[in-house]
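What follows is a single structure, and I will ask about it in a moment.
When the chains are written out, they are named A, B, C and D in that same order, and each has its own residue count from 1.
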Amino acid sequence: MLNEINFDKLKEECGVVGVYHGNRSEEVAKSLYYGLYALQHRGQESAGIATNDGLHTQFHKEMGLVPEVFNEAVFKRLKGHIGIGHVRYSTTGDSNVVNAQPLVVRYRGGNIALAHNGNLINAAKLRDRLEESGVVFQTTIDTEVIVNLIARFSSDGIVNAIERTMELIKGAYALVVMTEDYLIGVRDPFGLRPLCLGKLENGYVLASESCALDVIGAEFVRDVEPGEIIAISKEGLETRQVQVKNRRASCIFEYIYFARPDSIIDGTSVYEARKNAGRILAKEHPVDADLVIAVPDTSIPAAIGYAEASGIPFGEGLIKNRYVGRTFIQPEQKLRETAVRLKLNSLRYNVSGKRIVMIDDSIVRGTTSKQIVNSLRTAGAKEVHLRISSPPVAYSCHFGIDTPNRTQLIGAVNTVEQIRKTIGADSLGYISTEGLIESVGKPAEHHCLACFSGDYPMEVPTVGNKKVFERL
Amino acid sequence: MLNEINFDKLKEECGVVGVYHGNRSEEVAKSLYYGLYALQHRGQESAGIATNDGLHTQFHKEMGLVPEVFNEAVFKRLKGHIGIGHVRYSTTGDSNVVNAQPLVVRYRGGNIALAHNGNLINAAKLRDRLEESGVVFQTTIDTEVIVNLIARFSSDGIVNAIERTMELIKGAYALVVMTEDYLIGVRDPFGLRPLCLGKLENGYVLASESCALDVIGAEFVRDVEPGEIIAISKEGLETRQVQVKNRRASCIFEYIYFARPDSIIDGTSVYEARKNAGRILAKEHPVDADLVIAVPDTSIPAAIGYAEASGIPFGEGLIKNRYVGRTFIQPEQKLRETAVRLKLNSLRYNVSGKRIVMIDDSIVRGTTSKQIVNSLRTAGAKEVHLRISSPPVAYSCHFGIDTPNRTQLIGAVNTVEQIRKTIGADSLGYISTEGLIESVGKPAEHHCLACFSGDYPMEVPTVGNKKVFERL
Amino acid sequence: MLNEINFDKLKEECGVVGVYHGNRSEEVAKSLYYGLYALQHRGQESAGIATNDGLHTQFHKEMGLVPEVFNEAVFKRLKGHIGIGHVRYSTTGDSNVVNAQPLVVRYRGGNIALAHNGNLINAAKLRDRLEESGVVFQTTIDTEVIVNLIARFSSDGIVNAIERTMELIKGAYALVVMTEDYLIGVRDPFGLRPLCLGKLENGYVLASESCALDVIGAEFVRDVEPGEIIAISKEGLETRQVQVKNRRASCIFEYIYFARPDSIIDGTSVYEARKNAGRILAKEHPVDADLVIAVPDTSIPAAIGYAEASGIPFGEGLIKNRYVGRTFIQPEQKLRETAVRLKLNSLRYNVSGKRIVMIDDSIVRGTTSKQIVNSLRTAGAKEVHLRISSPPVAYSCHFGIDTPNRTQLIGAVNTVEQIRKTIGADSLGYISTEGLIESVGKPAEHHCLACFSGDYPMEVPTVGNKKVFERL
Amino acid sequence: MLNEINFDKLKEECGVVGVYHGNRSEEVAKSLYYGLYALQHRGQESAGIATNDGLHTQFHKEMGLVPEVFNEAVFKRLKGHIGIGHVRYSTTGDSNVVNAQPLVVRYRGGNIALAHNGNLINAAKLRDRLEESGVVFQTTIDTEVIVNLIARFSSDGIVNAIERTMELIKGAYALVVMTEDYLIGVRDPFGLRPLCLGKLENGYVLASESCALDVIGAEFVRDVEPGEIIAISKEGLETRQVQVKNRRASCIFEYIYFARPDSIIDGTSVYEARKNAGRILAKEHPVDADLVIAVPDTSIPAAIGYAEASGIPFGEGLIKNRYVGRTFIQPEQKLRETAVRLKLNSLRYNVSGKRIVMIDDSIVRGTTSKQIVNSLRTAGAKEVHLRISSPPVAYSCHFGIDTPNRTQLIGAVNTVEQIRKTIGADSLGYISTEGLIESVGKPAEHHCLACFSGDYPMEVPTVGNKKVFERL
């Protein structure tokens, strides 16, 4: 039950970061460490860093959180002025250190390290083709397909090799690539997953989110463009636009839930988008109530927005236990009902006798929402009106987000009224897709909205899931 | 620098919990575990649980957080329908598992287990006297003095023994005591440290804070009174009022910072007191500004209160990294300035170009405040007005709170204007002592305010500190 | 089954060591560490060291082997020129770090640390009496009784206090005691457990066995006499003979199995005694055979002795896997028979077609012997003649050795012929008690032989066992 | 200094094992575990097991000893009736879990797992060629080259693919290979590294040494022949002799030091060979002395042989501490001299006043020998005559043994008399090469003797060492 609180959210699968120092005597490993720490919300399964000093490549990757994986002894080995890092999310079953990233390989031109956020939809086909030509695979991650393709095309130089690889791979990818000479950032032609560029006094940083730049002390420059390759070397920064699509498809869930509120993605503040969504939600689903509360922490901006737009005061209604971590002893049946309060306890003082508007960013299965509504009622709430700052999630993601099977998506198989009943709220309102788009401030064609609409930006396999190739 | 963010707060030293099940076949260990989990904010150094089934006493205690210390194998050993638990705060230097609690001893009447939140001011004297009569001490904690006294007086029964012990010990103590027959709760005659009573269907719970009752599923009954002994046994609940003082001295810092906002202490909601303090602060120190922000998480209620009273909108201005834990690799000099952002990053979108009122609950040394103000300015804040929801901390605590030496207390040795300059804020306002008292809603005689005034509720040793007896 | 190989031996319960440096600037901790390492065979459950520099006492103790318990960080804390150390054997059930030694307590005179090898037979009675006078106990070890008595008598000085304590305690004890001024060694009046004295250039060493002196670089001086207190301080070495008995009762099993062969105990080389036992066994139980082998490692000297006296060549017949440690995954039923070979494999080349004399030092339950005999036959041995260099173990030890219940002692409930049949040997011969005594070279009155004869050197409790007081 | 005792031996680099059960419902993982446990002396750095049930392949590998790497949770995953295992030796610097084996890859035909003992001398060249055709490498082990070649040739079936691979690879290799259908054992055409075949009731076992068969309960069948491929599948056992050389080159150091004495390699008992070497040494280098002792444990058979042939009695002279493990706190300068005794203490009783013949199996650097000789003299030995059961090691190995640089090999740069002086022995005698060959009982052409003679069985690279390709 406790775990379900965490479980009932979509999960980002990865975060990437890269640092290039023009001054070869400057070490990048600790900057990468801070960057990964800032991106920890994008993946808690494994962490890894690879660095090189122009000659030798070193890497370290392990299962665990960033502060668990790295220590001073490891940093002594991780020498060099170029480096990349990766955090990966823990999905059940396939957690294995061989799947941790960055993937570091030796190829004819030297060493290449690659870290990947996203998911390819044609990896199986490419893999089969490579296997037919004699290639062996040691992992079950798409990244190994990408690195094999780059290596094959490498006689023309790394940047050309990446360009040729992009002609073959389909899907979502934000990549950071390292060679002895280069730090390279790549974003897929639809811009599905985010990647941005920062500037150091004498170098560059690439990161999934701008909050990592802040920690490293880099100045935000701009987002990497869809289909763009940014190659940084001692010659400076070189950019190449390799594929141009007539639309973008940036994942809108980054604004709703995944990204940190202090990040700016594709020019829009995540915080602002969330607050706007709250404001719009207040207009789309007004209600007569006494207090607006958030399911902490991600829904706070939307709750503040809702409060501002509705004139209903904002307050805290649910107190989060800051010490509830990943390990937890399952309660006996008898304690199940109360144990949910271990993580999230209702603030009786604030909710008792009141009509509550509770803002949440999304509902996936609905189990947690039901528990929280129930907990608020036990604490004396007179009414609980649930407002969701995203439309119902009804379709699986094929682009790097861990979504449950459609049959488990409460929004896929139920009407809003059915959901309301299941959850036990007095009323339930989802923001409209138009409202959500408006909250980000860009045209609809800018985004991938497939998890709401099923309208994928490219053809997707009908039965594929990310483990289909894990015959290992 | 990172560590200073944590460091610049006063630290609660302990949390206690006890459970008694009338039905002897019901196990208490997991309830204690959940209770300790809810009290984890009161101590992160060590955790322990002792239980008994009427015949055999078992215990387990270790350095570490609650989920690290306990596992299913441990629970298999911790049998019984009576039990107590303890979490302890990590002070530097003296962390040793022999000092972990509960302290479990065998005495002539059987076994006794004791968990203690607080600090005795005459422990040294009592210890000396006991040593003179041949007693040896194996730990450096006051609890061992208390348990020795109880054992000595035990021929008249455990409750009488506790009463006689209370005649000798001076200082702050909230105790939970377990024997083969009893679960007993005791609160010192001034009521310095909190302790409350809850009811299970067929049993009782004692806990430092009511938030632990919520998690265990117990109904809040009332606070234990100053000088009260509550003894629970198969005969039911028996209470004895053993010492009556003409005043109380409940620690007001529980409301300001220590306790969880969802706890109710001595009849007042912690959340309410904090929000009231914000409202009063707005009246005492108004300012013309654009946004009220909190230093997360404890200052949020006061910030909301300030916003409501002042009419200035509340918003988030500082984003906390939820994954920054206890271990952290020190940044190199070059990264020092930015690494503070790893824990607390300014939300540029919300603060840029604005006049900010930043609410914090207290300033101890002032180092962290300075960094945060600086970080807000870098993020574009036009003005930063600091408002503190407690008066300047100027005196050390002798009653169970870890305070730095007076010379390190910025409020002890500086005027408010000097502090403002040091921190670099545009203005600085502390709530008045009267305002703080008003925020809790009880008369001044109800509280210990010594950390602000130096006016201790009893005579305190002039050079004593909690390590003075650690000759071991 | 695997574990039974280890299990089927009597187990020493502890080893102790103490170091005193005349030069106060010399640290003793590492010498203690090496000493404990050399005594590791006497206890693998927990290890501990306490040191002091004349003012401050420090200690560290934990469950685990010596190299697991200590590290450089611990040594930085363990300052001082006086110190004691302890290793403890792992009995099932009662392993708990609170029972680890040295026991360090604060008493009216300062700090006292005590490490104990042995077992008191009147601890329960003394404990009851102390409890009646109000003393509480935190552990289940006899050592806590001893330290309480010493503290009570301490007004006359530590040495007198120990003398008075010795008047009260009965049983086996080799003690090392440390105060801010003294390192003291004590051996019980019967000399049941060993303790010897060594000399450093500018200091002294006390240890359970002389092999620890070799590692520390101390010169062997002599054994501590039964009933002797040796007190080392800045005044030098002072000795006091406090109780004189008309007989000694040194544990003869130290020679048979417990002690290391390179130790000298009470003037006799352990190696020599074992080899003598083998020689005598050859005379008492001759047999016509082709090869004498040992159950490695302890029985090798006796096997060499048997070979020399009988003229039958000595050779290896069982190869021990040097990597089999404490943890081991239990084999499935099917592999049970072969898995014994994981620890001890028969050397087919040497045993095939031969008549084998196999020397073992003792048989406790007999289960392992049966497996080994069977394994030798599978490897082709024509005959297996088992010779045991100790008489049948038939009585429990009350003086610090972990013996199974009499009903489990194969020697207590069976004739030699019955044992032979159970084990499946072609013949079986135990050394006679007289032969064993002759092997050590001292009169019978010098030894405790109670595990063979039931003739205890003092009256022992009829149902007592070492866990009887563990009501905790 | 302590570490040098271990360090001053050549180190075997790996051990392999494979199990095939005809009955698909029988699990092989635990048999592999026992087999690896028995081969632990061949590698203590990492351990790994891969299994399959005909459909799915699972593997687990980690740094650490066999009992540390595996546990019941791991065994639950390792399903299947076919499996292979590997232990690897810890060389400094390049210990990384990505280099652990078995190497498991997916290729066009399914999954293939491979474990390798040995070293290729043309791996770099093959690697370069593969890289030129676009292959990427993720590890620094030769095994990855082999598995890539097999995959490339796999269209003709796995056995043919292995045969074609053997045409390309040069050097030492004993391989166990697993697919969904096959367990395959391969030995290089010179038979440099050992591999043998055992029979289960309904299956087969392959292992580096026969001692692993004993533990698994398999009956020894025969050694795999040089250049032989043994393929086990549901069709039974199929064998193919793919390359025939006019000589063999089995590593003679397996008999001298690496293998366990209870193993039989290429028809010769390792124990017998060692004992023979001792006998021959006695004839080649007789000396008038009182006692023959061994440096435990490997030199015991040779010492017994020497004793038998010379008529001088065999006895123990050096006592090994069975608890000295891999971790050890370095002694301070002052304790250096004595700390060697922590691992190996001289048995004063046996050596004092005597003329000692000390048998050791080899001298690599000579540092340890010097310490031991010195320790024996301190213990009173009148004379110390050192006899070595192998000729001077003077050349590096290119076939899977970790040898120091020639300049560090005391036998490469010194005369025997110089070595004797350095070590401080009264006399020093090495067995002759002829004597060593005689001890094994096979013609000289059967063995690789290159570490003594520099006469390698094939052309070796002049500057190559095993890390030359570790550009990662």
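Convention: a contact is a pair of C-beta atoms (placed from the backbone, for glycine too) under 8 Å apart; a residue touches a chain by one contact, two chains touch by 3 or more.
Note that the coordinates shown come from a computational prediction; the quantities given were computed from them, not determined experimentally.
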item	value
Intersection of contact partners for subunit C and subunit D	none
Separation of mean Cα positions, subunit D and subunit B [Å, integer]	60
Rounded Å distance, subunit A centre to subunit B centre (Cα mean)	36
Distance from subunit D to subunit A - Cα centre to Cα centre, in angstrom	48
Subunit A residues counted as touching two or more neighbouring chains	none
Pairs of chains found to touch, sorted by chain label	A-B, A-D, B-C, C-D
Complex interface listing, subunit C residues touching subunit B	56-57, 59, 97-98, 103-108, 110-112, 128, 131-132, 134-138, 147-148, 151-152, 154, 471-472
Touching residues (chain side subunit D, partner subunit C) in the complex	30-31, 33-34, 37-38, 40-41, 44, 65-68, 70-72, 75, 211, 214-217, 260-262, 264, 269, 271-272, 297, 300-301, 304, 308, 313-316, 319, 321-325, 327-329, 331-332, 334-335, 337-339, 341-342, 345-350
